[in-house]
Each structure stands twice: as structure tokens, then as C-alpha cells.
Amino acid sequence: MIIVMHPEATSEEVAQIVERLQDLGADIHITTDGGRTVVSGTTESRLAEEAPWTDLPGVERVVPMVRGGRRVGRHFKSEDTVVQTMGVRIGDGSLTVAAGPCAIESREQMLETARLVVTAGAKMIRGDAFKPRTSPYAFQGLGKAGLEILAEVREETGRPVVAEVLDPREVELVGSYADVLRIGTRNMSNQALLREVGRQSKPVMLKRGRASTIEEWIDAAEYIHNEGNPHIVMVERGIRGFDPSARNTLDISAVPLVKLATHLPVMVDPSHAAGRRDLVASLARAAVAAGADGVMIDVHPRPEEAMVDGPQALLPDEFEMLMRDLEAVASALTSPRASNGQP
Amino acid sequence: MIIVMHPEATSEEVAQIVERLQDLGADIHITTDGGRTVVSGTTESRLAEEAPWTDLPGVERVVPMVRGGRRVGRHFKSEDTVVQTMGVRIGDGSLTVAAGPCAIESREQMLETARLVVTAGAKMIRGDAFKPRTSPYAFQGLGKAGLEILAEVREETGRPVVAEVLDPREVELVGSYADVLRIGTRNMSNQALLREVGRQSKPVMLKRGRASTIEEWIDAAEYIHNEGNPHIVMVERGIRGFDPSARNTLDISAVPLVKLATHLPVMVDPSHAAGRRDLVASLARAAVAAGADGVMIDVHPRPEEAMVDGPQALLPDEFEMLMRDLEAVASALTSPRASNGQP
Amino acid sequence: MIIVMHPEATSEEVAQIVERLQDLGADIHITTDGGRTVVSGTTESRLAEEAPWTDLPGVERVVPMVRGGRRVGRHFKSEDTVVQTMGVRIGDGSLTVAAGPCAIESREQMLETARLVVTAGAKMIRGDAFKPRTSPYAFQGLGKAGLEILAEVREETGRPVVAEVLDPREVELVGSYADVLRIGTRNMSNQALLREVGRQSKPVMLKRGRASTIEEWIDAAEYIHNEGNPHIVMVERGIRGFDPSARNTLDISAVPLVKLATHLPVMVDPSHAAGRRDLVASLARAAVAAGADGVMIDVHPRPEEAMVDGPQALLPDEFEMLMRDLEAVASALTSPRASNGQP
Amino acid sequence: MIIVMHPEATSEEVAQIVERLQDLGADIHITTDGGRTVVSGTTESRLAEEAPWTDLPGVERVVPMVRGGRRVGRHFKSEDTVVQTMGVRIGDGSLTVAAGPCAIESREQMLETARLVVTAGAKMIRGDAFKPRTSPYAFQGLGKAGLEILAEVREETGRPVVAEVLDPREVELVGSYADVLRIGTRNMSNQALLREVGRQSKPVMLKRGRASTIEEWIDAAEYIHNEGNPHIVMVERGIRGFDPSARNTLDISAVPLVKLATHLPVMVDPSHAAGRRDLVASLARAAVAAGADGVMIDVHPRPEEAMVDGPQALLPDEFEMLMRDLEAVASALTSPRASNGQP
């Protein structure tokens, strides 16, 4: 349940609310939004929901812990969240491109690709050390050795690096190397993992589950926020559909839908959505035009040698051309979200 | 089966091929592409497919009547088809916006809306006289009276009008008023109707079936082309998905996929895809950025009074703002399709 | 709108209602259900819905023309509809198996198969003269010649024959040969065709659209019933899904769902659902156990020679074995629907 | 890669193969099937796949580590796997019903329900202590206290108990109370968890991911088997679809498909598939008729008080009636799988 205080509520009035919630055994978060203090109390006691909160002095309104009451929701905080790391700001109206190989295969491959994409304009570098593969016999990533390569890449390029985390027991390890933790599509409903990244202070990119509704995806973000980590970027990466033409169906509507329902930034991964190189540029341009805060692109200097997802990786020159197009689209639209008619 | 002749094939050599196909009872089309004569022969005789065509003089290669052999396919004709009506050209790299109410409700509503959208920049006007409704008890359109209103709209604005046709027995009637015939999503697999519009000479907009694969949609276009009408515009309008947030899932990948597989122009209908006004602008911008040749937008001066699909209609001022954005995106991308890396 | 009269309403009271509806231009149907007279009036006038019907003498309740008010709905008629033709009764608790080849290919193939399936216990024979094929270049059926073969099959076996109808202009032709008209999955939303079969007096099998919800499918049945033909059998045949293992996903829940929502009989076509022979027996047994009134099975004496859908056709001995299993399951369940806890 | 030896291969010949695989760093499993020794070697070295194994003495054939080469596959072992616990045998042709409440709410509720379902014929008891809920604010289960109740239930009834496990760090804890570990639909692709249950010796019920293909599901089972635990039961529980009538679409084809592709037993959970009580009986009967080795049914003495999924729980008398029906169907079909025409 979320209790929004009057703008003029006194600190004593806020304290009284907090005390009551503590008596009910609630887990309490306090934040402010537009000059109002907002107290959020999580408890399984039905008493909390039923208590006559609105009768207490200083309370403006009470939002039950239902859909509208999520901490990641627009109702909870109307300003956009800006997620920051090493000077990169996602969600402030600028365009962020994260690029790199799907998997870290070697020091040389990773460094070569990182230099290429940074030169072309990428602000952030991707590359995974742990890969969740459908078959147990497929290449599963270099593990800790890959993370060390990633750290070297950050050192050399000065750009933040993003890496996937698969296991709650490895969150600290990955977090000690990567600047942004990524939850992949297979683990969007892995709540033990969501809770664990929720206890970190690093930004988290939360990919949408392959067959998750927008609501379920936002609920997954709430698991992270509820543990104390509000630095969440939502990443649309295509959903399961019936058409075999592309690997997944990029749900472009997810961009405005998440923007309407939450205050979180949204990125799009057209590479994993398409699964084939010849669609990536169209989908990336569409994502930026739809209002996404950024895109994440697979790039590989020699895709035919890639150990994972080579057919979807752009070649370096294709990536450069795409960067120019994306910047052109972003400039053409001074305020993409506003033109949705939203405040 | 499609027989591609050598660039230097003589007319006698072509005549010999044609004669053989006639002997086999084939229905024959002849066209040229890049200096080559292309003979397409449709017959159910297996003999045709099995005949030793490549042994005949002047034959460069033979494409069996399978996927790659469709007349709407890129393999059959590599240049883009440009569909024209009353000076509007769809598929030549320009942006075509068709707009208007979902259904024609009255002369006043239709004329008012038509003037509005033309002033804002729409090149084409939509408005249906026959509506295919899920329930037999829902408003089914004004019928012939609606068509007469449509003719008046064209007269006054000088712009071509688009209207849906539902029944093979009504194709001539609708065609005698409308400039472009539209096949709706419910009828994409209604082959009697496809054949009937294939016998007309007017352009046809073919909406994708709500749960059709790209391949099935292209095959439906082939039914039209095969009857002799090559003036086909493919219209993506959202596919059936599992997420109730929007009415359909706009499959933005359809834009590059159809462009890669066929020579036909592609438009997008974000209004019917979304089913809700607050997503339309994002999706329309995305469509243009993805490389669509146009979009089709529901506009209603008073959506709350609309008899069909009011919640998805833009208000006039929202439409004006969108037109400015779409033109900005289109200008930013000088050659959207080319940046897919396609010739 | 449906007006349910009191059990004791007089005929004068009923006449008064009918007169009022006639004044409003409504199309009127009168039926009785459990001793009550039920008057159904279809009109596009909003006045009809808004008139103070419940104030009139003899009226028990008024059901607006929404979901609950469909003529095919349980609310309209609580007893099960039994569809009859040539002594076969579908919907009376017995099991009806319709079997035969997907398409009529020749007189010999059709007669041979018909004899085989009748000997094994099939009550009804299937075989199509008009085939709706995804590609215009695929075999489209023998047409009228096929219908003549079908008539001969009926003559010889004494069993009713089922055939698909594709075009509103061919409904009379097909109906002059076939005992049951079938609307295929591609045409479930082809409302011109639905209306045309609704004007016939022969039973109609209405296949579910490949991606139609249960509600949309029931609305399609309402189009038929609304024209005056209540002899409708609903046929589940698999829906579009994401798994390529089978051609479609058989939605077994459709059986109880349609039984709960309507008074119509339900059959299942496991052959077209699966698209592969090795799943057909399992799915057919499941259909009967779920409470279906019948199944429709593709059988071909030489599937490897079949012109359409050979891979899903059972061999004659597989069909015999299946018939024994289906009868065993049907006998084990004396009242499959009742065990749903329904009256 | 799997190396199948000749039936007459000597132990020296087998030893030679093993030695070579060891040299290549492979992880080795040896089993026998139909008198043949089968050596399975897992390694990321491409050398292993490329080595000339078939030239070595005693080798009959080599199956690369692709689809056909999975340890859970029929090609690896043609006899059906029978999973056993406390005298219950799943996969031997008998019918196993597991029943109980969705969540353990209290000692009284759990014991009362367990007694009811055992009296009615259930061989196994379900009841979860850890619940994966879409929202972090929903009831998440009683945790360790719930497990203690479960142990008491087993003590009193003498029947094995099944419980879900959510976190790799809790596998040992849950396994110290429950007889069968269950992986839920949200965690089917949680490979850290799959590996952890793969290191246990207890049976594992692996629910299909809500939007997983049959192939992906079988690959998830392979993760478990590959760690050394072959005691796996596949549980179909409905997949994501577009129809809101039921919570999920029960994919009844999954039963024969998994039987054809693997040697593992298959159960069906109609309660979670339907999400509504009035469909459960139909779907459960269908599952048994399709050839499932068992079903898992939610039962609650007072569903209106249930903390999780009350609307889908059967009442005790509905469950008794269903048990009689299921036994009747199972008896009617002496050999459901054989009638698929499979050996």
C-alpha cells in the first residue's frame, strides 16, 4: 500500500504513519515525488490495507498494493527515472546505444569489437560471459575469464559494460566486473534472481520474458524495486509469435505502453528480436522513432565465426551506417514521448 | 513456373516457349525485368514442371512455382512496384498517409473529417460503407448510401478514396465508387474475394490476416496478381497475440520482411493494430522509420460519438501533430529501405 | 435483444411485444424454452434496446443483444441442440465419426475410402470438391465433378456426405449435392458466406478460425443462426500457436467451453489440427473423453499419393483401431458433459 | 555425442572409446540399452565430434550431440523410463493422480485435503510451501513451516509429497522434506535451478514453460539428466495463447509428442491450464485418454478461502466423481500409447 501525503504534511504526520506501519510489521520505503512525501508499506497483513489511513492527519490519498500501486508505476512517481552509470544517462531524452558481441569469445574479439562500436558512437558495451543456452551442450560462455576481459574493455574504452547474470549465487561476482547487470528473457520470472539484483546498487537491465505480458514484465521490475534497487531499464527483445520469418516478434507497442504505465526508461534489442541481420536496421530505427531511450545491438567483426547468434550480428560498417540513421531519427523527433499526448 | 530468358534470347525463342506452354494448357503472363523476358506459365499439369525447359534455346533459368516463383516475389521482378491512383504514388519512396473515419456514419461526419485530414496533409481518404463486424448485431455500415457519400468526398477534395469490400458479389459496386478496394483482415483468406478483386483494374490494399504468417499473406497477394491485377499494396495491421494491453500486436518486422520478399509497397495501419488512441502516434512513427511506404490512420472529429472503433481514432489536432512528426522522420531517412543493405 | 416471457404470459401479451418490435422495424424470431416464450428481435435501432420492455405485461426479463443474448447461447435455450441428417443425430449424447479423404481426387479413391470408413463404423463421409489452398498454384479440387462423385458415394453407402463451401455464389450448388455444408477455418469470418449458409435449411459445420477466440467463433455461428438456420455444428480444428511440432495447437478446452456457452453440438477435427498421422489417435481419444459429440478424421487408402494433406491421413487399419478405441472411451463415460457439473 | 556400440562389442573396445573421450576432456556417461553399450560424451571440443569414431572397433553408430542425441531422447533409450517414489510408479502404464491444494495455508487445511484426496484415490499429494507469484505483494507461501506440514502429511498418509522449488539455494532444503521436487513453469529456463535439481537423486517434475516449444522443454529436461538425475516427469500445464476464455491453452498434443520424442513419463495439470473449475474434469479426462501417465489436480475443501488459485480448485465431491471417470477411461484404453502406432 502506498500512502501519498499532502504537500503540506508535517514531518510529525509522516512519522505517525511510519510508526503505524511498523506496528503492522510492514517493510517501509519513503520517497518524495513532486514535493509530496510518499510512504510505501509492504506487508501481508490485511489489517494494513483495511486500516483507516485516510482519516489520519496529513494523508492525501492511499493507493492499495494493486496494479496502480507499484513503485515502478507512473502513479507512484510521475517524473521519468534516469538511470546513470559512468556518465551515461538512460531516460533523460537522449539516445543510448549499447553494442558489442553477443558472447565474449576471446580477448582479441572483445577488444576489437569494443573499439569499433565506441568509434561509431556506442555509449555502452555489451558482451556476455555467462550464456543461457537452450541446450546444455551449446557454448555456455567463458565465465569468470570473460568477466576479466570485460573489465579490461571498460578500462581501455572508458565506457560502461553490460553483462548478463544467470544465477543468484553469481550476482556479486558479475557485479564486481560489470557496470550494468542484465536479466535475460529466460529469467524474467526467476524471482530469486530478481530479488538478488534488487539488493544491489548497480543498474539492472530487465529483458522482457519471451511470452510475458507487459503487466507481468512490470511486476518483475517491481520485484527488483521492492528490494531497494530503483535503477531499472526495461528492455523489449521480441515476443513469441506464430510466424517463423523472424526469431521473435518485436512488440514495438511495448515502448509507449511501458512509458505510459511506469516511470522507467525503455530500450529495445532488435538483434535478438529479429535473429537475422537484414531486419536489424529497420527495427532499430522503428524503436527510436517509437520513443525508446536506447537500443542494444549485436555487432561482430566476423559473424561467420561467432560462437553464439552470428546470423543476427551487424558487420562493423553496417553498424556505422545504422548509427547515423538512428541519430537522424532521434534529432527529427525533439520529444517523441510528448507527441503521444502524454504530459 | 517462371522461365527467365537470356538477355539475348530472340523473339522466336520466346515464342517457342509460349507455344509449348500453351500446348500444356497453361495460363501465360509475359513481362520483362532488367532487359530479360520473363514468361510465367500457370498450369496444374505436372508435365509443365517436368518438361526439359532449360534445354530449349534462349532459356536462362527456370523457377518452379514455389515460394520463389510467385509473381509478387522479388525474384520475379526486382524493381519496386509503384501503385498509382489519381496522382498518388505508393511505393516510389514518398510517404502516403491515408486518413479518415473507420466507418462512414453520415455525409456531414465524412465531409468534415475528409477536409480536416486533407488540410493536415493526407493524400488519400478512408471511410467504409460496409463493415465486417464480429457480431451480426453491430452496426454494419451504411452500404450503398455510404458509397455515394464517398464519391462526393472525392469530388470535393480531389483525393482518392479507399473502401473495404466484403463480398465477391459487391466488388463491382464498391469499385464503381471507390478508387482503391480494401480487403480486410477477416477476408485475407477468402479466396473467392481475392480472385474477384484480382479481375479488377483498380488498386487493392490487402490487409494481413490477423493470424497469418508473412508467407500466407504474400500467397494471398499472389491470388490477386494471378488473376491479372498487379496493383497491390500490402497493409500490416497487427497480429493476434497474448497481451491484452493493445488490441493486436503490431508486427513492425513485416515492413522489411515484405520488402525483402516482394516488390510490392507496404503500408501500416497503427490505428487498428493498437485499438487505443494513445499508442497510435508512436506506432505510426515507427512504421515510417521502419521503411513503410505509408500509414493509414483513423481520425474522427468526435470519437466519443463514433459508431465503430472510436477509442482508436485520433482527434484532428493529434493528427496534425502526427503528420508533422511523420514528415520529419521520412525526411531524416533519405533511403530507409536501402539502409537495410538491400539493392 | 431477447425478451423472455413469464411462464404464464398470455398469447395476447406475446402478441403485444411482437407488434411493438415490428413497429421498430425489428427482425423477429419466436421460440420456447422450458415452457417460456422467448421473443428475439434484431434491429439496429437503439430505441429497441432502450424501450421500457420490462414494464409491459407478461415480460419476465430482457436480455440485451450482447454476449448473453445470442440465439446460439445457453441463455437463449438451455436444451442441447441436436443436428440431424439422414438419421444421423449429432448432439444427443451419441458419438458421430465423420471420415474420408481430405479432397476428392477420383471416383475410385472416393468410393474405396467411403466403403472402408463406413465398414469401420463412420456414420458420415467427408470429401471436398472445392479446396481453399494457401497458394493459388496448389490443387484446388475437382469442383462440380467432385460433387457428382460425392452424390454417388451417398447413393451407394446411404450415409450423409459433408463438403466445404468457399464462395457465397456456390452455396446452392454445393448444397444440391452435399447433406452438410462445411465452412472452413479460412472463412470463419467471411460474413457474406456465413449469411448465405444461414439462408439454407441444411446443417452447417462451422470450423473455428485458426486464430479466433471462442467468443468470435460463437459470434460467427450467430451470423448463421440469425439468418434462420439453427442446424449448426461447431468444429474445433486447432489454433495457431508458436510450436512447430504440430501444424496447429488443438484447443481441447474448446469442447467444454462451447458446451458451457452455447446449446450447439461440438465436433473435433484432430487430423487438420495435428497435420501429422502419429498424433491423430491420441487427439481423437482426448476429444471424445473431453465430451465432444463427434470427430472428423482424414483417412486415405494410399496417403503417399494424396493430393492434399496426405501426411495427416490415417491408413485404413489405423482408422479401424481408432474406431474401437473411441467407442470404448465413449462407453466408459456415460455422461461426459454432466461430469462438468453442468445441468 | 553418443556412441552406440555393437551388441557384440567387447569390454576392451568400450574401454578404448572411453579412454579416447577422456583424452578429449569429455564428461562421460555409460549406459546400456537393448543389450548395447551406449557411451555418451559431453565436451565442447569440436575434435570430439570430428574424430573418426566409426572407424574404431566395436562402434555401431555415432549420434552427434544434436536433437537426436539427447539422453532423454527415444534414440538414446527406447524403453520407457519409470519414475518411482515410495511405491508409486509413474510411466509403467498405470494412472497416477497427484492432488492437493495449490498452496499450503495451514496444518489443518493441508491435512484435511490430503486425507480427502487419498481416500478418493490420489496416489500422491501436492501442496506448495514456496509460491512464485507474479506480484511481489501476493502471498508467497509459508516457507519452511509449510515444508514441515508437508512432512507431517506424508507421515500420516504414507503417500509421497510433491513441492515446488524456486531457488538453487533452497533445493536441498525442499528436498529434505519433499519426495518429488517440482520445477514450475516460470523456471523451466532457469538453468541454474535445473542443474541443481539435476544433482539430486530425487524425482523431478518439470513443468513446461508457459511459452516453450516441446523442443525447448525437452532441452530443459536434458539439463537435469545431464547432471546425473534421470528421474524426470514432464508436466504439461497449458501454454500461452490468445484466447482469454481459459487462463492457458492446454496443449494436449504435448502428451503424444513427448512420448514420441523421449522415454520420459508425462503428466498433465489441467487445473493450472484452465484456471477455472468448470473445465478441469473435461481436460483431465482428455489427458488420460491422450495417453498421459497421470494428472495433477488442485483440490481445496473451501476454495472461496484459498489464498492462491481458489477458482480452479475442485471441491472434494467433484474430485471423487472425477477419479471414477479417470479410472473408467484408463481401463477402457488398455494401451493408449501403443494405439498411436508406436512400438
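Some notes on this structure:
Labels A, B, C and D are assigned to the chains in the order they are written; within every chain, residues are numbered from 1.
Throughout what follows, a residue touches a chain if its C-beta (ideal position, glycine included) is under 8 Å from a C-beta of that chain, and two chains touch if they have at least 3 such contacts.
All values derive from a computational prediction rather than experimental measurement.
Taking each chain's centre as the mean of its C-alpha atoms, the one that lies farthest from the centre of chain D is B.
Counting C-beta pairs in contact, the pair that comes out ahead of the other among A-D and B-D is A-D.
Taken over every residue number at the interface, the positions common to chain A and chain B amount to over half, indicating a same-residue contact. Spacing of chain A relative to chain B, judged by their CA centroids, is 37 angstrom. Chain geometry summary: the mean Cα position of chain A and that of chain D are 33 Å apart.
With each centre defined as the average position of its C-alpha atoms, the distance from chain B to chain D rounds to 48 Å. Multi-chain contact residues of chain A (touching two or more other chains) are listed as 211, 240-242, 244.
Taken together, the chain B residues at the contact with chain D in this complex read 211, 240-242, 244. Every residue of chain D that touches chain C in the complex is listed here, in rising order: 211, 213-215, 239, 241-246, 249-253, 255-257, 260, 273-274, 277-279, 281-283, 285-291, 318, 321-322, 325, 328-329, 331-333, 336, 339-342. Of all the residues in chain B, the ones that touch chain C in their complex are 42, 44, 65, 132-137, 139-140, 166-170, 186-187, 189-193, 209-211, 215-216, 219, 222-223, 226, 240.
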